[in-house]
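See the structures that follow.
Shared between the two complexes below is subunit A, which has subunit B as its partner in the first and subunit C in the second.
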Partner chain A sequence: MKNYLKLVNFELNRITKLFAVLLGITFVTQIVGVIVVSRDYLNMANEKLYEEMMSKAVFLESFGQMSFLQIVKSVWFVGPIALCIAGVAFYIFIIWYRDWVGKNTFIYRLLMLPTTRLNIFYAKITNILIMTFGLVAFQLIILPIEMLVMKGMVPNEFRTDMSVKEIVNSMPELTIIIPNSVIELILYYGAGLLVVSILFTAILMERSFRWKGIFAGLIYSALAVVVLISPLLLQEFVLNGFFYPIELLVLEIVMGLIVLAASIWMSGFLLMKKITV
Partner chain B sequence: MKKYWKFAAIIIVIVLSIGTFYVNSATSAKQYPEFVIQTHSGDADEIKPLVLEGSYTDTTSMNYVSTNLKITADGSTYNSRSFLDQVIGQPPTVVKELQEEYRTFMRGKDHLVDLFFENNQVLAYADVNYKMGSLRSRDFKFDISVLNKEDGNINSFTMEVPDGGELEYVFVEDVQMVKDELTLITQNTMRNNDEFYDEKHIYTINMANQKISNHKAINQVPEGQDDTRIDVQLIRTSPTKANEHLIIVKTEKKVIEDSESIREEVINQEIISYNLETKEKEKINVPELRLDENQLSFFDGSTIYFMTLEGQELVVTPYSLVDDQVGQAFSIHLFGEEDIVHGQLTIVKDGKLYLASSQMNSNINADVIVADVKTGEILFKGQLALEDSSNEHGNFELYMHEMFVN
Partner chain C sequence: MIEVKAVEKKFGRKKILKGVSFTANKGEITCLIGINGVGKTTILNAIMALTPINKGQILIDGKQIDKNTFEKITFIPDAITMLPHMTIAEAMEFMNDFYTCWNQKRATELLGFFRLNPSDRIASLSKGNTAKVNLLLGLALDVDYVLMDEPFSGIDMFSREEIANVFTSHLIENRGVIITTHEIGDIEHLIDKVVLLDDGMVTKEFSAEEVRENEGKSVIDVMREVYQR
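Let's look at the complex of A and B:
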């Protein structure tokens, strides 16, 4: 346990710079977005009210009040989130391959540590998870700040205030990152963890057998996907909707756990017996 | 411990931030306004068995997420939108009750109330399945299951739909079972040389030998009359209830094309009663009755209640199938605004007519009326209303799409 924590901490220290950069970009871009979108709305309101002599009531009737949703739907808000997702996706590969590059390959030292080698796998996957949750948590913290900025810029009668939850609920894309309930949070991020574990296994296969390993990795991933969706395929094509939806959910969770266990076992085996430096 | 501070800080921030979000969203669940049925006159006990199902949309924030709700005499209950409830799904109340009672039989069955038939002995289900081909749909098959309630036996089989080659789409409108014969009433979309047309068909399937014993089309347009269109409607009944008769309204329309417009003129309307057991057709004659497309009419098994809207009056003409006689017509005054009286839900049960408007918002009021179908006497008259109208609720839309009487 202590070795595992040491490794997690060690890995975490290696990504803090990248992590801080992502957080910084997100914060700056989104705040700029809030200011730009609010100002656009205010400019439009000014133009209509003072140049076209529209009354306030007519303006609100035809253009509506400004809500934070307009900001959330702009590229200023979604862009940095997409960047962070891409960053994490990229880092899933970098977290392994960076250990193999350079003069004195770092993985050599990692593998020589007096602890079970599976801890390396656990530490790396924990890091991906912490990084992801960190980004989500940061977004949840800066959302209220951004709303304050908008409140400061747009006068009361021109805006509708929404809570963080209402905003998240109105954007289907956001509910994937910030699900509605804790159950969904566990299911969504559990599925994410599963995908990462499959990718890690594929990466380790490549590191063990090089070119042949790429094929093995692809086959393993395809197999994992087939096992995962097998209940859905059966339901659709063989059993004609035999299972009730809740039974299907339980079956899918069981399948997910089976694939996760298989990935961990396979990765452990590769790290212990087959890995080459 | 000092070298772990970054790690510890990140974990604490994550737990606090995400934790706060979910604790907050659990405690500050969105408050929906409470709807009640306000009594204007009559006996409030009359609406005790009434259940209205609909959806509520808050239109203030341009965010059109609607929530399903039920309104009864006791007030309104909103469907929970929790994840598990969404996974389980929210089938119509009738289907939900059947699922609870006959869990095995209901596996793999569609959630459409019209596909089911229930009486004391059997629960029957019939649907038409097909495969989507690259050019057209094919392999039309009846999917039939009948549960014998006494011994729990399930008799299920599939069989080919006759003349499947011409079919494009089949929609099952009603399922009935008389003795050992299952009857399906379907709306078939057929294709003939790139021309599409609709037909209503009645298929009778003998359960003992699993063969089609009778099959007929109700509205075939006579050849060579391209300007004529025939609409066929079934008079509504309680969805799963057994009926010995089907009441069919056949409206013949002539399409008139002149230089300015294309319009349709009704040239003939026939009301036919089809006896499911003897397969005999009988014409029903109600003088001066012209049914519109509102489909308000209702058949309770022995009496047909023809309903039409004339301005703000709902005119009800009963016709008894037992002695083949037109009863005394009466009319009910709706208090909805002049031009928005359309969109009503009607049901006749146990000698009472239940009527509810299907739309309500801050400007439009929705009626709820209960009347005695024998005398036309109004037993209850009321309106849907917000429980505390003093509160600012902003703009909203309420659509009622289903009405049940328990």
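Let's look at the complex of A and C:
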């Protein structure tokens, strides 16, 4: 356990810079987005009210009040989130390959540590989770700041104020990142953890068997997906809606746990018996 | 004792090791010699479970390698095993964090021995100093066995001399050492046992001292006989 925590800490230190860059880009881009979108709205309002002499009431009736949702739906807001998701997805591969590739032989040191090699797997997967939660938490922290910036720019009568919850609920894509309930959080992030563990196993297959490992990894991933969705397939094509939704949910969780356990076992086996530096 | 028993290893269809067997005892320096590609590094990797073997068995003090074995055996590869952005001090701290057998006193002694600056970044070191840091990180562990892969490879004469001095010092005393090297001249007089490899097999295994005393030959003489046949 102590060594696992030390490894987590070590891995975290390795991503500090990348993480800080992602946070910085997110903050700056979204704040700029708030300013740009708010200014666009204000420019339009000024144009209509002072140049076209439209009354405020007519303007609000025609164009509506500005809400934070306009910012959330702009590329200024979604762009950095997509970049962060891409960054984490990219890092799932980099977190392993950087220890092998080029002149880097750090994998020698990692594999020769006097601790179970599975701790390397756990530490790297924990890192991905911490990075993901860190980005989500940061987004939640900067949302009120961004709303304050908008409030500071757009006068009260020209805007509709929304709570963070209302903003998240109004955009289905956001509810995946910021779930509404604990169950949703466990389901969404559990699925994410599962995907990462399957990918890690596939990467370790490639690192163990090289070219053959790529095919083995692809087959393993496909198999894992089939096992995972097997209750849904059965429900749809064989049992014709036999299960209640709650039963189906429990079955999916069980299948998820089976796939997770299989990925951990397989990764442990590869790290102990098959890995090649 | 490290026992390598009938080890076979294939890379793709090519068989690199074809039933290699030898032993290395504690308190002895065993030298694996062979031309490039003969499988010397593969043997060391296999001993450390860094590459799987297809057949055979490797035992360290009668046991197969597990996580606890890494507190009694260390491997010094021919490339640095630490991250380039780390300083020497940070690399030492990393080792201290993970290994209970890390000997800080010996690490400090080695720093002085090799005249290394702990605040230097690994990426900025010359090849000779990188090899010295690698040695430092391996030798500062209180382990019974040390595996070294080409410690003299590609480094200047003066660094080679400094590294060779390690073999006559207390830093190696009472440890079992397996070393692979081309630069046999630097440590020829210190070697206890020689394992000559050719075509993935052990062609000759002999005591260097016996050859010296009984046949009046050096290790290099025997190498010539075997490889220039």
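The rule we apply is simple: the second predicted complex is superposed on the first by the 275 of 277 C-alpha atoms of A that agree within 3 Å, B and C clash if a C-alpha of one lies under 4 Å from a C-alpha of the other, contacts with A are read in each partner's own complex, and residues count from 1 in each chain.
As a working rule, a contact is a pair of C-beta atoms (placed from the backbone, for glycine too) under 8 Å apart; a residue touches a chain by one contact, two chains touch by 3 or more.
It should be emphasised that the depicted structure is a prediction, and the values quoted were computed from it without experimental measurement.
J.: Do subunit B and subunit C fit side by side on subunit A after the overlay, or clash?
T.: After superposition on subunit A, subunit B vs subunit C: fit, no clash.
J.: Considering only touches as defined above, state whether A:43 meets subunit B (first), subunit C (second), both or neither.
T.: neither
J.: Looking at subunit A, does subunit C or subunit B touch more of its residues?
T.: Partner touching more subunit A residues in the overlay: B.
J.: Once chain A of both complexes is superposed, is A:115 in touch with subunit B (first), subunit C (second), both, or neither?
T.: In the superposition, A:115 contacts subunit C only.
J.: Please indicate which partner A:67 is in contact with in the superposed arrangement: first for subunit B, second for subunit C, both, or neither.
T.: A:67 contacts subunit B only, not subunit C.
J.: Which holds for A:55: it touches subunit B only (first), subunit C only (second), both, or neither?
T.: The answer is neither, since A:55 touches no partner chain.
J.: Examine A:133 and indicate which partner it touches, taking first as subunit B and second as subunit C; both and neither are also allowed.
T.: A:133: touches subunit B, not subunit C.
J.: Which partner chains sit in contact with A:276 here, subunit B, subunit C, both or neither? Use first/second/both/neither.
T.: In the superposition, A:276 contacts subunit C only.
J.: Using the touch definition from the top, say if A:240 reaches subunit B (first), subunit C (second), both or neither.
T.: Touch status of A:240: first partner only.
J.: Between the centres of subunit B and subunit C, viewed from subunit A's Cα centre, what angle do you get? Round it to the nearest 10 degrees, please.
T.: So the angle at the centre of subunit A is 150 degrees.
J.: Which partner does A:163 contact after superposing on A: first (subunit B), second (subunit C), both, neither?
T.: first
J.: Using only CA atoms and the superposition described at the top, report the least gap between subunit B and subunit C in Å.
T.: Here the least C-alpha separation of subunit B and subunit C stands at 11 Å.
J.: Please name which positions on subunit C make contact with subunit A in the complex.
T.: Listed in rising order, the residues are 45, 48-52, 67-68, 70-71, 74-75, 77, 79-84, 94, 97-101.
J.: So in the complex, the part of subunit A that touches subunit C is made up of which residues?
T.: It is residues 3, 6, 10, 14, 103-106, 108-109, 111-117, 208, 272-277 of subunit A that touch subunit C.
J.: Under the touch definition given earlier, write down the residues of subunit B that touch subunit A in their complex.
T.: Checking each residue of subunit B against subunit A gives 3-4, 6-7, 10-11, 13-14, 16-18, 20-22, 24-25, 28, 30, 60-63, 65, 81-84, 87-89, 99, 103, 107-109.
J.: For the complex, which residues does subunit A have touching subunit B?
T.: Contact set of subunit A toward subunit B: 5, 8-9, 12-13, 16, 64, 67, 69, 130, 133-134, 136-138, 140-141, 160, 162-166, 169-170, 178-185, 187, 239-246, 249.
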